[in-house]
């Protein structure tokens, strides 16, 4: 129980730290972000001085309030889900925009991560079981190359070769824009079709990491006595491979998964940008391009909270997978 | 995880910082030549880089890139930013990798960009390692409240996603590769710190540390001159891992346009290609090479790392003829 | 009453392919285990005794490789769990994978040294018993399998509720009992025990040994017992083989070995612990350390540590020679094999057969010589 409380404490602290960094960043930055945004807005038409005032409050410039008062106000706003107003999509609130975009990212990310982790882990298991064979040599070499591939580069290659040149897949937007979004088959099929390339990019660029981690972990596990004993027991290879070796080898893999989550989320953002995919990554990029600070901050906060929550889920998964930790934690 | 040399050997050479870190490098031969020291170093170096196939291939790849980074710009002597009238030409004898929208030679940019990409990756990697070492060693050695606080901070930063934070942070400060490097360094240190903390924790109770403490050595001396040299293998391995991460992170941020606009690197080449719509001009030669180089350099570094793993853990070595000293694993 | 051999190992060789050449971990070893007996295999670490266990069951993994020999197993052949008369010995090394899987565990089971490492940490011990039954007795109904698992646990002295426990929830002794229960699951004829009690404390060790001897009587097991503890073997084993650097140096009945260890290495091993009975002797032990298998000394591998060393020892590898035991009082098979030039009339160079006094004095001299060398 103490362990669980400790982990949750860490996660709460992580969220708090991220919020605080987010609060201080614009205040530490040189120049006056409120001024920049105000200038930009006024190019699009008349803006009232009240807007400048609101922006100044948001960024903490030109204010007489002490820092801690601003800080409390900031936290209070967040607590009420008030992330401010997007300057880019004025007068939509940040919460509204995020609400629209998050669905796309959530589906893309979940599907890709689940597929690539499963696939990578399975390949890792098989390759470790047959280590030293041609299969292992070929796959391990190829995966070493893909291990440190740059997400946006792979996305560019996919767009160019599979999308632009061969024309097999659409390579921009999340769906056929002539369709109206909704729960109808045409739209869903179109959305799935558009998701193939981004998802494929994400899967290919992450699968190598899971595979190589699992391979190493599996090889280490294979030399354990309990695997040898399982073989001596005359069990079928498949049972030895999965119930004895892989079942234990996956534990370090799950820990690695938690650590890699942040990187994968970052990768998803980059892939969305290249594919102009209507998720929060593309929105974040556009917000930064157009200096829509409140939207950018809001998205960042969301990503941080989501990553922390995912960590919590992985943590619980690990607890469920390892009886030793399970017991220790419930004790 | 990885093992370092046994403690008794260490105790006899207090603070010997330049002890060979990875494989046993074997005997060194006394030689009357004035170059004896150099020769010995070269021999040791050669033995280290040829310790197994992975390390060999990895060092070869990384070595080529290092040579290109050092000598490439000197040999090429061509301005990578020089505009020509050959716009968006495919690869040819005159332009090995074709030209871009401004008629700039892609091959020249690639060679010149190697220096920037490699040095920023190494520099940021170095910054990351310095933070990791400081936090990990102090945390592991000090224990108690200091350790608790540092561990919590490490765990907190481990959970916070580095890249999105970096994107937003970069936006508030001046757009330059230095900003990127600093921010990448500040967001990537926790992993190495955690690994080093665990190792330091187990090293704290070794005899040579106890001996140093009994001899009244200063705490900082013990941490950085006694313990650190014995964690060189782990430091090297996490430095390599970190460098891969950082290479990718810097390139990704440059790709988004946060780098120096005047500088040439693999990341800015990708930025130029993407936003100069290389895609729709069919100019694959513009964006394919820089990304390929990143993946190849990354693979070289990864191979080095896997090779070091194999040296440290014989179980990972492959199949026949390439394993095992003596009877260790099976006959034990 | 000579019983038929259940296991006959002939000229077995195991090599390790190391980076810098080939290592002979087991070099031309022959052993015979008669039905219902305990064969003790003793030696220092690295002598090849554990490699023997893995080779007999074909569990060796690269870089270890069996390069020659035969492992003839003559069990009750079984079909569908029914015992049928023997069809004559089979060479385990030549079995096809499916045949091998059938022989494994239902005929030959293994108990490993460290029960903590031998049990899957993410599976209850009960499941680890049941999956043996599920694989080899698919026709057995589930409730029966469960009952069998409970019976097995009670047989080795663990409460049946413990079947639901994970290995980390059991004490060291209980874990070892659980691995023995797993080994007994299919009532095998032969159990190979690789240092089954080494990792346990003395009291638990004793309890488990007693349990084992009881089970052996009851189930008519044949056992290969591997240990570095020669005194333990003298107590429980029928015959003993002593290995050094991958070769058998002496092989005889426990009784004969106890009365008169012939090889200087056996002699040294027997006297490297204080004798509980008899007159007090100086505890000498064998000076030096076991050889690095990558650089085994030429000739007799033991010669650098041997108190009887003379010229031929560093030149010719001594062959294992069989001779009758000295004492007429001994009623067992009466043979004692030893690989030492001093017992070979053709090479003894006129020296008399070694005596206990000679070996004892030799060790004393050797010890002080080693100590001198250590100081220098």
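As written, the chain order gives the labels A, B and C, with residue 1 at the start of each chain.
Criterion: contacts are C-beta pairs under 8 Å (C-beta built on N, C-alpha and C of every residue); 3 or more make two chains touch, one makes a residue touch a chain.
As the structure is a prediction and not an experimental result, all values here were calculated from the model.
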item: Subunit C and subunit B - chains in contact with each; value: A
item: Taking each chain's C-alpha mean as its centre, the one farthest from subunit A; value: C
item: Chain pair showing more contacts of the two, A-B and A-C; value: A-B
item: Chain closest to the middle, measuring from C-alpha centroids that were averaged per chain; value: B
item: Between subunit B and subunit C, centroid-to-centroid distance (C-alpha), Å; value: 49
item: Inter-centroid spacing, subunit B versus subunit A (mean Cα positions, whole Å); value: 24
item: Distance from the mean Cα position of subunit C to that of subunit A, given in whole angstrom; value: 55
item: Shared interface positions of subunit C, touching two or more other chains; value: 54, 61-62
item: Subunit A, residues touching no fewer than two other chains; value: 132, 223
item: In subunit B, residues with contacts to at least two other chains; value: 319-320
item: Contact footprint of subunit A on subunit B as seen in their complex; value: 152, 155-165, 167-169, 171-174, 191, 244-245, 247-248, 251-252, 255-256, 270, 273-274, 279-280, 282, 284, 287-288, 290-292, 294-299, 301-303, 306, 309, 313, 315-316, 318-320, 329
item: Interfacial residue positions of subunit A with respect to subunit C in the complex; value: 132, 223-226, 228-236, 239, 243-244, 247-248, 251, 321-324, 327
item: Of all residues in subunit C, those that touch subunit A in their complex; value: 54, 57, 59, 61-62, 100-106, 109-110, 112, 114, 117-123, 131-132, 135-136, 166, 168-169, 179, 182
item: Contacting residues of subunit A [partner subunit B, same complex]; value: 10-11, 13-14, 17-18, 21-22, 25-26, 28-30, 33, 131-133, 136, 144-154, 156-157, 159-161, 164-165, 212, 216, 219-220, 223, 259, 261-263, 265-267, 269-270, 273-274, 284-285, 288, 291, 296-297, 299-300, 303-304, 307-308, 311
